[in-house]
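What follows is a set of notes on a single structure, which appears directly below.
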Amino acid sequence: MITLDDPIIWKIAFPAVMLILAPIIGGLLIGIDRKLTARLQNRAGPPIVQPFYDVLKLFGKEDKIVNKTYLVFAVAYLLTVVLSTGLLLFHYDLLVITFMFGLSFIFLVLAGYSVRSQFSYVGSNRELLQMLTYEPILLLVVFLDRLVTGSFQIDAIWSFTEPAKTEPLLYTLPLALLALFLILPIQLRKSPYDIAEAHQEIAQGPVTEYTGKFLGLVTIAHFYEVFFVLWFIGLYFVQNWAVRIGLMALAFLFSIVIDNVTARLRVDQMIRQVYIIGLLLIIVNLAYILITGKWIA
Amino acid sequence: MDGLLLLSLTVLVPVLFGIISYLVPGYNLKKYAVILCALVLSVASLLILYNGPQNLTVESINIGMSLPVSTIIIALDFLLLLVFLYFGYKDREYKVLGLAVLQLALLAYLELFVAGGEEAGITFVIDDLSIVMCLIVSLIGSLILLYSIGYMKGDKNVSSFFLIMMVFLGDMNALIFANDLTWLFFFWEGTTLCSFLLIRHYRDEPSIKASDRALWMNLLGGIALVCGIILIEMMYNTRFLSELFTAQATMPGALSFLPAAAIILPFAFMAVGAFTKSALMPFNSWLTGAMVAPTPVSALLHSSTMVNAGVYMLIRIAPLILIFGGGLLSTVITIVGGFSFMFCALLALSQTDSKRILAYSTISYLGLIAMCTGINTWLAITAAVALLVFHAVSKGLLFLCVGEITHIIGSRDIEQMQGLIAKAPLVTVITVIGLISLMAPPFGIFVGKWLAFQSASTFTQIGWSLVAIFFIIFGSIFSVFYYSRWAGKLLATKPAETAPPAHHDWYMEIPLIILAAGIFVSVALTTIFFTQLIDLPDIYGQEPGGLVVGEVLRSAFGGFSPLMFLILFIVILLIPILIIRVPKTSLTPTYSCGTGKEPDIGGGYFETLIGESKLLKYLNPIGILLLAILFLAVLL
Amino acid sequence: MSLIELSRKKSPWVIHVGTGGCNGCDLEILACLTPRFDASRFGVMSTGNPKHADIMLVVGPVTLKYKEIITNLYNQMPDPKVVIAVGTCASTGGIYQGCYGHCGSLDKVVPVDVYIPGCNVRPEAVIDGLVLGLDILNEKERKILEEKKKSKGAA
Amino acid sequence: MKTTIQFGPQHPVWVEPLRLKLTMDGEIVKDCELEAGFCHRGLEKKFEWDYNKGAYLSERICGICTQHHSTCYCTAVEGTMGLEIPRRAAVIRTIMLELERLHSHLLAIGLTLESIGFENLFMLCFRNREIVLDMFERTTGNRVLHGINIVGGVIRNIGPEMAKELEDFCDIMEKRCLDLKDMILKSYTIRERMQGVGVMSEQLARDLCVVGPVARGSNVPYDIRAVAPYVLYNEIKVKPIVETSGDCWARSVVRVRELFQSIDIIRQCIPLLADAGEDIFAKSKTLPEKEYFTRVEAPRGELFYYAKGKKSKEMDRIKVRTSTYGNGPGFVPLIKGSHLADVGLITITFDPCIGCFDR
Amino acid sequence: MDVKTVTQQEMQDVARRLRAAGTRLITIVGYDSGDTIQVSYFFQPFPEGKAETYRVVVPKHGGNEEVESITPIFPAAYIAENELAEMFGVHVKGVPGRFFLHESINAPLRRKAP
C-alpha cells in the first residue's frame, strides 16, 4: 500500500508526472503572460490556451526546410531541455543541471549557425553573448548555494532548508535571488534582454528558419524552458511549498512587469549591466555569508 | 615483462627507427619505418600499462664495454647546449646566445660544485602518472606519426622531419620516466631542441623567427629548472625526485640570508620552468608563434609532448610543495593558471586563424591544469590528470582535423571553412565532435572542469577559492563561445549544396577516426580510469568514500555519471539524425527579407575590443608581475 | 473538426507586406493589432517572417521592383497559406491604374484568396477579411491532402 | 570576411518597403547601402491629368500626411490660378493639418518605441492615436484618407457643435499626451537606448539640408510654418521647437513636444472659426500656363509642390518633393558605425515615409 | 515666382555662392518642354529670406544631354539629381542615375520632341 508519505511518490512518481506536465504548465504560463501583457496594454488579448493552439497549428503545417543539420539540432535542443528539466525534477547534481541547460543553448546556437541565414547567424551570435552574460551569474549563484548548504545536490539543499535545521536559504541568499531575477528576462526571452530573438531587428533570431513541425518543437522546448527556469528559482530558497510556489509566481509576474515597462537593450548594454549589477549583488551576498560565517568549507 | 626492456622500447626504439627512417632512401621505406615505429611504440606503452608501476635503476649500458649512463648524459647535455649556442650564433639571436651561455655556466656549476657523489638511486620511476603520460605520448604520438605520413608527402625535408619527430617521442617518454633530476634536465632540454628544430622545419623567415623565440623562452625555462635542481641538491641533498618525499630540508650556509620558508624556493624555480614549457601567460607567445610549423608538429607540441611536460612537472612537484608547506606558492600557481585559462580563452575569441584559436585554447586549458595543481588537493590533482588526458585526445584530434581541412580548402581561416560539411562531411563531423568534446557535457574536458569546480569549491582559503571559481566560470564560457562559433561555421551550409567527391587520404583519416572514437571511449572509461590509474601520494589522503561509486563520479558535494550522460548525449543526437528525412521538394532558400540573395556571413571577432594587440600589452606585464609575486610569495 | 483544424482557425499568424501603396491601409492593419481593434483576440500574431506565417496581408499595387520579392515571400510560406489583398489598390490597382511603375493588382503576381475592398480599408474590414481567410486555410489543407492521396493512388 | 544583411524590403520592423544592405562586423554596421524605389508607382506622370482629381491623387501619395499633401497641392494649383481661398477654409485646413500632425507624430513615436521593443508604449501611442482618428472620422467621415481639400477650399465645414467637440478633444488629448510624455521621458531603458545613438551633428544637418523634426533635433530651427508661413500661420505664430543633441532621443523629444504645440494651435484656431464667414470654398478659375511652388510643414518636415499649368484642365507638370526625400541622404551616414540593433531605431526616428519617398 | 535663368557654368558659381551663405537646397525640378529640358534649382536662404529659383535650360539632342552636378557642393542634391537623370534620361555628371526605377523603365517623364 503506497501512501502519500511514501518516498516513492515524491522521488519518482511526482517528478515523472511533473515532467509530463511541464510543457503544459509552461504553455499555460506563456498564455497567462500573453493575456496579462495584453491587459496591461489595454487589449483583450488571446485566450490563455493560445500557445497550444499555436503549437498544434504548427504541427499541421508544411515543412519548408533549408538543410538537415539545423533540424537535428532543433530536436537535440528540445531533448536537452527536456533532459535538464528531468534532471532538475529528479534532483540531480545542480552543477550538472546548470551545464546541461547550457548545453541546450549550445544546440540552439549551433542550429542557428548551421543554416547560413543572415538573421539566424546574428541571432546565434547574440544567443552566445547572452549565454556569456547569464551563465556566470547562474554558476556563481549555484556556487553560493553550495557554500551555504555544503552540497550541489538538490536533496541536500532541500533538507538543509528544513526549518528544524536552520533558516531558509532566502535569509542567507537574498541578493543571489535578486541576481537570479536579473537574469530571468534573458532566460525567458523577455524585454529588456530579449535581444537574441529581437523581432524588430533580426526577425526571430536562431529560430527564423524553422517552419511547421520543427518550429512547434522549438516552441515546446520554450515551454519547458519557462518551467525549468521558474522551477529552478523556486528550488532554492524556501522549504514551504506554498511560499515556494508564491516565489515562482512572484518571479513570473516580475518578468511580465519588467517586460512591459522596459525597452529592449543592446547587447553591450546587457553585458555591462548584468555583469556589474549581478556580480555586485553576488559579491555583497558572499561578503555577508563570509562575515556571518554561514558557510561550509 | 622486464621493465627495462619496455623502457628501452619506448625510449630508444623511436630514436632507432628515427635514424633508420632518416637513412633509408625513398618515401615508401621511410613510411614503413614510421608505421613500424608507431606500432611498436603503441604496443610498448600498452605493455607498460599492463605491467604496472615499478622502479628501475639504469647505471650503465653494455655495448661491448660498460658505459656509465650519467656521464653520457652529462656529456650529451653539454653538447646540447653547444648546439643551442651554435644556433644562437647562426641566427644572430643574442637572447639565445646569452641564455645558452648562462645555462652552460649553471650546468657546469651544478656538475662541478653542487652534485654530490655518485650515489646510486632509482633512475626511472614507472608509476601511475608516468604510465598515463606515456600512454598519451605513445598512443597519440603514434597516431600523429601515422598522420604525418599522409600530411608530409612531398615535403623536401621529410627525412629530418621524421627523425626529429621520433626522437622527440622517445625523449618525451624518457622525460616522463626520469627520476634523476640531472637526467630529467637533459631530456627537458631535449624536448626544447626537438621542438625548436620542428618549428623551423620550413626554414623560412617566419619559422626561423618563431623557432628562435620558442628557443629563448624555453632556455629561460631551462635556466629556471637548472636553478631549481641546483637548489634542490643544495637544500635537500638529493637528486632523485622520489627521494624528495622523505628528504630533510636544510638551508645551506651559502643561502643563509634567505628566510626559513625559502626551502620551497627550488619548486618555485621549477614551476617557472614548467610555465615556460606550458607557455602559460607571460610566455604564451612562443606557442602561438609555433603555429608556423607543419600541422602534425603543432599537434604533437600541443597534445602529447612539449606543453604537457610543463604541467606534468607541476603535477610532480605539487605534492612536494604541499609537504614542504608552500601554500602561498600553490595559491600563486593557481592564480597564474587561472589567469592564463581565462584570458587566453578571451584571446582565442578574437582569432580567425584556426591554429591560433587552438593554440590559445591549449594555453588556456594548460592554465586550467596548472590551476588545479595549484589548488593542490586530492580532487584537484585528479582533475589535473584527467584534464591532461582528455585535453590531449581532443586537441590532438582537432589539430589533425585542421591539417586535413587545410589540405582540402587550402586555408586555416575559420571564415573559409564555412559550409565545409557539404564538401568534406567526414572530417567536418569529426572536427565538430572534437569541438563539442572540448566544451560540452559529458565529454572529458567537462568531467575535468566539473572536478576542478568541485575542488575549487573546497579550496582551503575561501577568498582564493572564489577567484579560482571566477576564472573557471569565465574561462569555460569564453571557450564555449569560440568553439561553438567555429562549429557553427563548419556546419553553415547553403540549401541543397551538393558535395563534390572528396579525396580520401587514409593515412590522414584513420588517425582522425581512431582519435574521434578515442574521445567517446575515454569518456566511457572515465570511471575505470579514475579507479585504476590515479594513485596519488599519501600526502593528499584519499577522498572520503572514493571518487567513483559504481558508474558515478562522486565528490563531497555531488556527482554524476559520465557514461550515462554520454549515452544520453549520443541518443539525443542520434534520434533526430536517424528520424529526420528531408524530402527534396521541401527545400527552400533562407529568409533574406524577400530579396532571395544568399547572405555572406562572418566577422564579429571583437578585434577592437579584445584583439591580441589590445589585450597582450596589458596581459604580458600582468603575467610577469604574477611571476614576480610568485617569488615574493616564496621568499616572504 | 480535428484538433489541428481547430487550432488552425484559432491561430492565424500574419505577415504584413507593404508593396507600394499609400500607407493608409498599412496603418489600418497596424491599428487592427492595437488596443482599439485588437485582432490578437482571435490569435492573430504579426510575425514579419514568411516562414512562420499563415496569412499574407498585402497592401498596395505591386510595384515592378517588388514583384520578384513578393513571389519569393509567397514561395517561402509553408502550406496551407492564404493571401489577402488589402485595399482597393491591391485588389484592382485602384487609383494608380495606368501608372508606369507597377504591374497592377496583386492577383497577377500571386494567387489571392480574399479581397478586402476600400480606399482605404477600415480595420473592421481587415478583421473580417482575416476571418474569411481562416476558413480558406482549412479548405486548402484538405485540398492538398486530397491531391496527395490522388498522386499516391496514381503512383 | 563580413556579414552582409539585407535589411528589407520586407522586414518585421518596417511597414513599408525599403532596402538597406548592411555590411557588418559583429554587431557593428561598417557599411550601408540604400536602395529605394520599391514604392515607385510613377505618380508624377499620373499627375498630368485633371487638376481637380489631382487633389485626391496627392492624398494617396502618402496615407499618413494626406492633409498636407492635398493642402500643398491645392495651394500650388491655386497659386497658378491666383486664387484666394476663403478664410474659413484656411482655418479648417489649419485645424486639419495640426490634427494630422498629432496623429502622425503619435504614429512615429509609437513605431520608434516598437523598434526598440517597447511594446506597451507603442500600444499606448496607438490608443491615443485612435482618438485623433475618431476626430477625423467625425469631421471628415474618413479615418485616414480624408478627401476634404479641393482646389479652392474645402468641402466639409466644421460647425459650432463640432468646434465644441474639438475643444473637448484638445483637453483629453493634452492630458493623455502629458501622460505619454512622462512615460517616455522618464523611462530609463528608452533613454539608454536612444541617447547618443544616431547622432546627426548640426553641421551634417545643415550640409544635407535635412528637414522637419530631424533638422530641429539637430538644432536647426527650420520650420516652414515660421520660415514661409502658409494658410493661417501668418496669424498663428509658430516658434520652431529645437533640441540640441541631434540623436534619436532629440528627434523623438521634438516630436513629443510638437504634440503640445499642435494642440495649442488647434486651440487657437477654434475661436477663429466663429467669425470666419460661411464660405468654405471659392469657385476655381481656369488653369493658366503658369508655374508656382508651395511648401508646407508636413509632420516629417518641409513638403514641396511645384505646379505648372497647361492651357487646359490638365496639369503640365507636378513635382512632389516630400520630406522623407529631403531626409533620405541623412540616415545612411548615421547608420554607418552604429549597432545593428540601432539600425531600425535610427531609420524610424527619421520617420521615413517610403510612399512619399518613392512616389 | 521669379526665376533667374542661368547657364550651367553660372549655376556652379551660384551654387557655390549660396552654399557659402548657408542657403539650403530645397530641391531640383526637371521639366520637359518638348525641345528643351529645364532644370530648376530651388533654394531657401536660412535662417530667413525669400526662396530663390535658378533655372538651367538644356537643349535636347537625343538623350545625350549633360547636366553639371551640384552634388559636390550640395550633398543634399544627390537624390534629386539621380531622379532628374533617371526620369528625364539626361546624364548628370558623377551620379549613377538609377535609384527609383525598375530596370525595365527608362525616362518616363521625357516627352517626344514636337
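Read from first to last, the chains carry the letters A, B, C, D and E; within each, the first residue is number 1.
By definition in this document, a residue touches a chain if its C-beta (ideal position, glycine included) is under 8 Å from a C-beta of that chain, and two chains touch if they have at least 3 such contacts.
The structure displayed is predicted, hence computed values, not measured ones.
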(request) Using the touch definition from the top, list the chains contacting both chain A and chain E. (result) C, D
(request) Could you tell me which two chains share the largest number of C-beta contact pairs? (result) A-B
(request) Name the chain with the Cα centroid closest to the overall protein Cα centroid. (result) A
(request) State the chain with the largest centre-to-centre distance from chain E, centres being mean CA positions. (result) B
(message) Roughly how far is chain B from chain E, centre to centre by C-alpha average, rounded to an integer in Å?
(response) 71
(message) How many angstrom lie between the centres of chain B and chain D, each centre taken as the mean Cα position?
(response) 67
(request) Report, in whole Å, the distance between the mean C-alpha point of chain A and the mean C-alpha point of chain D. (result) 44
(message) Measuring centre to centre with CA averages, how many angstrom lie between chain C and chain D?
(response) 28
(request) Would you mind listing the residues of chain A that make contact with two or more other chains? (result) 41-43, 62-64, 118-119, 121, 125, 199, 203, 208-209
(request) Pull out every residue in chain C that's touching 2 or more other chains. (result) 34-35, 47-51, 63, 65, 69, 73, 76, 100-101
(message) Could you pull out the residues of chain D that touch at least 2 other chains?
(response) 3-6, 9-13, 24, 26-27, 37, 40, 42, 45, 123, 127, 358
(message) Applying that definition of touch, give me each pair of chains that meets it.
(response) A-B, A-C, A-D, B-C, B-D, C-D, C-E, D-E
(message) Can you tell me which positions in chain C touch chain A when the two form their complex?
(response) 3-8, 10-11, 13, 34-35, 38, 40-43, 45, 47-49, 51-52, 54, 76-80, 141
(request) Can you check the complex and tell me which residues of chain A touch chain D? (result) 37, 40-43, 118-119, 121-122, 125-126, 191-192, 194-195, 198-203, 260-269
(message) Per the contact definition, I'd like the list of chain D residues that touch chain B in the complex.
(response) 1-11, 19, 24-27
(request) Using the touch definition up top, name the residues of chain B that touch chain C in the complex. (result) 588-589, 591, 594-596
(request) In the complex, go through chain C and note every residue touching chain B. (result) 49-51, 68-70, 72-73, 75-76
